[in-house]
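In the two complexes below, chain A is the common chain; its partner is chain B in one and chain C in the other.
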Partner chain A sequence: MRAINIRPSRGAALMLGCLPFALLILAYLVGSALRLADNPADKLLPSLTTLATSIDMLAFSVDRRTGDVLLWADTLASLSRLGLALAISTALALVIGMAAALLPIMRALLSPFVDFVSMVPPLALLPVLFIVMGLGEVSKVALIVIGIAPILIRDLTLTATALPREIIVKAETLSASTWLIGLRVVLPQVLPRLIDSLRLQLGPAFLFLIAAEAISADAGLGYRIFLVRRYLSMDVIFPYVAWITLLAVLMDIGLSLIRRRLFPWAEGAR
Partner chain B sequence: MTGITVDRVWKEYGDQIVLENLSFEIAPRAFVALVGASGCGKTTFLRMLLGQEVPSRGRILLDGVPLPPEPGPDRGVVFQRYSVFPHLTVLGNVLLGPELRANRLTGRSFGAARRVLVEQAMQMLAEVGLAGAEAKYPAQLSGGMQQRLALAQALMMRPRVLLLDEPFGALDPGIRAEIHALMKRLWHEVPMTVVMVTHDLREAFGLASRVIAFERPRDRPEERQRYGATLTKDIAIWPPRVAGGQTMYDTDTLARQDDLTFARAAAGTTR
Partner chain C sequence: MLRLLADRLSRRAFLTAATALALLAPAAQAQEKTDFKVAWSIYVGWMPWGYANDAGIVQKWADKYGITIEVTQFNDYVESMNQYTAGAYDAVTLTNMDGLSIPAAGGVDTTAVIVGDFSAGNDAVILKDGATLADIKGRVVNLVEFSVSHYLLARALESVGMTEQDVSVLNTADPDMVGAFQTPDVTAMVTWNPMVAEIAALPGATKVFDSSQIPGEIIDLMVANTDVLAANPDFGKALAGIWYETAALMVSDTPEGAAARAAMGAASGTDQAGFEAQMAATKLFPVPADAVAFVTSPDLGATMDKVRGFLFDKGLLGPTAASADAVGIELPGGTVLGDPANVKLRFTDTYMKLAADGAL
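On to the complex of A and B.
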């Protein structure tokens, strides 16, 4: 039988999916044991006990200096920046993207500019943002928005303009105005793609968040990682990285569920 | 009432002449089939009737008034594909037109107003044989059902002219015969003029009251650019088919009626 025709059963598929994770953990444990046997003071690959102690200290005990539980304070700070930035980017995408998609005049006005701005490397703008907007929250949120909004806008415009022309003409014969075509015909058909697009931009959004926090912040997941890196505190960095990844994965799954719940008709089309 | 007047209409795209010097009249309540080889401009002509394209020269009048340069609710349309909205249920698709017409800001009806529209929509769905499929999405319907839905959706607006662009071209022969019977019945019952583009001559002669053929009189390769297609044959079906009436050749349509609509048609229709 050809390899392309061999399909794993459900159980086997689950096992196969877990295998890389198990291998990664195993590799870590072996590497950690070997290094610690060589030098008990090694900080690069801390043992499980050390990790557990650190996690307990970060996630379940109050920090004596700030009076907060560090992990939760950092998570709250980071997620509120990220959430605000994602909300602003989505709103911008809806307003600018829909205007450019529906109205040829707005497309002529906005598309070249958005295409141009989307090519500016956001991290190169970071110093400018910090200088112009100060070191507070605004510059961090602005960095994420500048990083992901142009991509969301372009993707939404492309999706909307790729709708068959017949759909728009049909809506016109059903007495729809430009506004109603946007509201009831084009918007509902681009929203599922907007959610997917947002899912794809979660990675870049976290990247920009951590980059901004690394340079200037007093709380946040990225701030903590870059703070403790001076002391080679891998026992803090590893749990933080795992936690950030978990947050991103959960957001991705959440958005995917929302999409499936709100737009059942879009499942068959993919 | 004068139906549709086509007055010295030309259509050019840059240097390419597609249609040249079309002049004819379409009587009210006629069922015109437009036939011709691929690329002879029949779809372009339909788009001009629709308002999706504007003639380069000449004009088209509907009941003596020049057509506005964009599509509107007085001209309904069914395309071969993409005629229904994939994000709305069957009921939502049929409701959309009336809802949009009544609510210019939100595009949605609520409460009692919605109940009235839903009742009309359900009647229309029963009329085209889609009763029971209200909650499905178009992707869950067969091609024939989707075209029935597209017809129902267009007819909800009570258009004066119904434009069909190869609407049944992609359907299986059996399904096509059923939907032909439905189309014939709708033309008899609904006060509208029908213009249908088709490449199927049997369909054209089987349904229409008049068959019009577009052809390029000069079709040598070096002539194709500068000479467009024009009206070459204009055949009135004999004995004449009259909307609302039946000729001796149509008596067999009842027997071939698909069973979904048969009972209703036999008992007398709702309109």
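On to the complex of A and C.
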């Protein structure tokens, strides 16, 4: 039997999937035990007990300095920035992307500019953003929007222009207006793709969020990580990294569910 | 009978092995470490380390003690301390406050080999449209949270009967301070030089409090791993030798001194005049006897008591610290502040005294 034809059973597949995680945890535990044996106050690889204490302090106790539960306050601050930025980016993608896809004049006007802007490295713009928009929420949201909106716009335009021309012509012969063609023919076919590209942009969005929060903030997931980095507090950083990853995974799954719920017909096209 | 013999034999073998091990262990310790790594970062009081390395002073003293010293400049102060705490470096430049909260609270037994200077104006509270410190009430204050700036703010507020509750603190990265001050919503800031000099020169900016009002509380040190020092004290002697030779040159009113200041200024991104202005806001200890007097005075204990109180209040002595006593601080003469069973930060006059006595 060829190796390409050997398939694991359901149980074996599950076990194989868990194996890398188990190895990672094992490597951590061994490394942590070794370092702690050497220096009981070592902060680099804290023990599970220390991690549990820290998680309890971060997620379930009220911080005496701010009067908030830190993890929730940080999550709320970060997610509201991220949510706002994703909403603005999606709206921009819909408006500009659709206009550029449908109307040749708008395409001539917007496409070169969007293509150009999408190549600007957003992090290099950060110092400028902070001077122009101040250190508040606006500059943080703007960084994420500048980072992901051009990609969403370009992707939406590409998808829309790749639709078979015959469909548009058919709608025209049925006397549909430009507006109606956009709304009833093109839009439904690009929306599933928009959700997919939003999923792909979640990673960069988190990256820009954390970079912005590292520079100036008083709450947020990235803020906390960069604050305690000064104290090598891995007992805070590890849980936060895990939590951010979990949030991103959940958002990804959520968007995927929305896509399947709203556009079940698009599943077959994959 | 046979069993007894076997038993005796194995016992003997065990004893032999144990003796061999016992002999080996000190032998392994006596194998002295002779290669050392020192990390430093850009700050007026630490520039001599970089200059000493470039000018061959490090090489000279290392050769004298038959050791090698590798001096590395870090562009990021926090990273240099983290690297030291993780064990990648044997010595690092840091402030008394960071020494307590980072390596010492991280369980790395650390000794302050050299007290190089203390800040006498290098750190400042700056207000926009405000004449006195009292005007800070209710404002948002931009600073690097949990840094010496934060400590300075706490001490400044205390001096006018306020607490941190009277303001709100907004963490801002130090490279962005000068730019941030020019945006409309930033109205109060605490930072250090060279940013202070630039910000204070901006229109509308008033320096309302600076570190010269709390002299001797923000101390810049060269610290080394206590175990490394104990294993080879020559490392500490070489550090002291390098420092006092370079510091004497740095303050000397000779063409060589001016050239050294110009080189240090250029290395820190300014020029000789700019560097001399920063030196004026720094109380340097180029004379070892002065540093010995400073470190042995009872004021140091009082300062460290304030510092540890601040750090504990901010939760920076570690999540398990039950009180400010959690991390012990040893002062010259053997007095210990806090837990004597967990002494992790030690002030000593040993090496500076050797320099003062000309015994290096």
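As a working rule, the second predicted complex is superposed on the first by the 270 of 270 C-alpha atoms of A that agree within 3 Å, B and C clash if a C-alpha of one lies under 4 Å from a C-alpha of the other, contacts with A are read in each partner's own complex, and residues count from 1 in each chain.
Heads up, the rule we're going with is that a residue touches a chain if its C-beta (ideal position, glycine included) is under 8 Å from a C-beta of that chain, and two chains touch if they have at least 3 such contacts.
Everything quoted here is computed from the prediction, not taken from an experiment.
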(request) Based on the superposed arrangement around chain A, label chain B with chain C as either clash or fit. (result) fit
(message) Under the stated touch criterion, which partner chain does A:169 make contact with: chain B (first), chain C (second), both, or neither?
(response) first
(request) Angle at the Cα centre of chain A spanned by the Cα centres of chain C and chain B: state it in steps of 10 degrees. (result) 160
(request) Check the residue A:21 against both partner chains and state whether it touches chain B (first), chain C (second), both, or neither. (result) neither
(request) Rounded to the nearest Å, state the minimum C-alpha distance from chain B to chain C in the superposed three-chain model. (result) 45
(message) Residue numbers of chain A touching chain C in their complex, please.
(response) 39-44, 50, 53-54, 57, 65, 127, 130-131, 134-136, 214-218, 223, 227, 229-232, 235
(request) Flag every residue of chain B that touches chain A in the complex, lowest number first. (result) 50-52, 70-73, 75-77, 79, 81-88, 96-97, 100-101, 104-108, 137, 139-140, 153-154, 157, 159
(request) Mind listing the chain A positions that touch chain B in their complex? (result) 164-167, 169-177, 179-180, 183-185, 188-189, 263-266, 268-269
(request) Can you check the complex and tell me which residues of chain C touch chain A? (result) 78, 82, 85-86, 101-102, 105-108, 142, 145-147, 168-173, 176, 179-180, 182-186, 314-316, 318-320, 344
